[in-house]
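Letters A, B, C and D mark the chains as written, and numbering starts fresh at 1 in each.
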Amino acid sequence: MRIAVIGYSGPIDKDPVKSLEEICVQTGRVLAQKDHTIITGGRDGVMELVARGAKEASGTIIGVLPKGARGNPYNTINLDTGQDYLVRSLVLIHAADMVISIGGEVGTLFEIVTSYAYQKPVILFRGTGGWTDRIAPTLIDGYYLDNRRLTKILQISSIEELMLHI
Amino acid sequence: MRIAVIGYSGPIDKDPVKSLEEICVQTGRVLAQKDHTIITGGRDGVMELVARGAKEASGTIIGVLPKGARGNPYNTINLDTGQDYLVRSLVLIHAADMVISIGGEVGTLFEIVTSYAYQKPVILFRGTGGWTDRIAPTLIDGYYLDNRRLTKILQISSIEELMLHI
Amino acid sequence: MRIAVIGYSGPIDKDPVKSLEEICVQTGRVLAQKDHTIITGGRDGVMELVARGAKEASGTIIGVLPKGARGNPYNTINLDTGQDYLVRSLVLIHAADMVISIGGEVGTLFEIVTSYAYQKPVILFRGTGGWTDRIAPTLIDGYYLDNRRLTKILQISSIEELMLHI
Amino acid sequence: MRIAVIGYSGPIDKDPVKSLEEICVQTGRVLAQKDHTIITGGRDGVMELVARGAKEASGTIIGVLPKGARGNPYNTINLDTGQDYLVRSLVLIHAADMVISIGGEVGTLFEIVTSYAYQKPVILFRGTGGWTDRIAPTLIDGYYLDNRRLTKILQISSIEELMLHI
């Protein structure tokens, strides 16, 4: 499968990203070990740490970048979409079969909403802060962003639980 | 100003849209009376009722449509963007100076998030249900979708209050 | 009908635009007189002169702009699509029922090709230079950009001839 | 480098694609041997043959697909952009550092024009028919699509000549 990992951008040596280092690196590693292709927004933060973990496990990581952005050093391939960061996110999400969310500001919220609209299953890695945690209590019946029930949004809180879904 | 109105799609003679008829028609009317150009997603539901109100007050209404969709009969101009409904929404929001939200399912949530990301002020018409109400308690300090505080999301609950902002 | 007019950008008091002033203003005028909505890329050059002619005849002119661009003073409505100038052109062409081309550099060529791909009939105003003239000899059987014959590209060389098609 | 190869779609066992088999397979092979990442539109025709050649030489091939399209079996990674085939082509071209064109109908012309607009160097593989050959005589000073001279469009007519540029 192609699995997108979305979440906080920002420097990896500062919070909130720093505290998520182990979760991110492990997520990348287990995805690669299960031979999934990892797709991210290609830059720093959660994206970089996940890519680092995936690369250690010899995984393939595609960075789907907004116009002119630079990919992190762990991406196997950088794809500069030439578009703004929202259009870039539409392409990124559509390219994935499943989406894992870790922390995240409004860009991550945008991607969670896009995943649901494009009917891509989402896994919220709970306890990682940001919109990954804040969207959870709004879900209808614990799973859906609206009454159309387009796809399920699941919640996990450990790498072990993640492995049951990938 | 160009003011986008977003919200529920669906038949105007059935709930949840039917109960919002007066709010929608009045919103369209006051926007037109103040000489704003109204921009909507162009179809039925809230979009149609707002356009009807605006047309009664001789307003200009632009329907920014997804590929192949048909505009409601009150639009002054229908613009078929040729793109899917999410890309269409990016164009629609970017074209507006301000956004008013009434009820709404995931498409409306997508547009609220896009408005914030593109730094367009949003007015939530509270009490109209859907994501317009559900997004409110998630706002940081009552105004923001994330810590970057890109633009303010305001809340009103009557046409009188709306008129203070337009 | 919604009719897009495409062509040279650039200052209207300098060639190549200056020499096309009469053709552009008259094109705008006759389109407005026949009650067509005029759609352009919204900026200077051919777009501005066509909009001026249309406005003199009380026409409606929509400027479909790339991110952050400023519309010319004759547009009835400016729509900032928020996207780069190529994505903007996809939206502009899709929104039109027919396309008229006057002169033009690579942006105009892009729009002629897009019109054909989206199956929108194109009218080349011959003798106006640029890609409007340069594309003509490449047409298969005088009408088509490729063997799929997706739509006809017609050629005219006067306002009188134009009026037979609008 | 990331090098896009564009050209005819269609069945590989029928002309015009069939006659181009050797050129396409060899192009893919030499690009892979020089460690370039190959980007294509991901489907059949020239795209499939180039991918086959690249795969034989253990290259990495990314197929950038329009919504819902299926990639050919030689792609290393398929990216479904979720967008129509023109928006897809904007992303595909922007992701490349250089573009090689072999034959092609209007989609290829669209991509040649996009490459020039996004300032990506283009190499026309002459003698392969379609727009790759038909665009050549229109070039200003033999290299440019317009007077802005945004990037050079080169012409080659053998694999040996191609190797001088990659």
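Assume contacts are C-beta pairs under 8 Å (C-beta built on N, C-alpha and C of every residue); 3 or more make two chains touch, one makes a residue touch a chain.
Values in this document were obtained by computation on a predicted structure and should not be read as measured data.
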Per Cα centroids, the chain farthest from subunit B: D
Centroid spacing, where centroids are CA-atom means, of subunit B and subunit C in whole angstrom: 31
Intercentroid distance (Cα basis), subunit D paired with subunit B, Å: 42
Separation of subunit A from subunit B, taking each centre as the mean of its C-alpha atoms, in whole Å: 29
Touching two or more other chains - residues of subunit C: 67, 82-83, 87, 90, 118
Chain-level touch network, classified as line, ring, star, complete or other: complete
Of all residues in subunit C, those that touch subunit D in their complex: 85-87, 90, 105-107, 109-110, 113-114, 116-118, 130-131, 134-135, 138, 145-148, 150
Residue numbers on subunit A that touch subunit C, as the complex places them: 67, 82-84, 87
Contact footprint of subunit C on subunit B as seen in their complex: 2, 37, 60, 62, 64, 67, 76-77, 79-83, 90-91, 93-95, 118
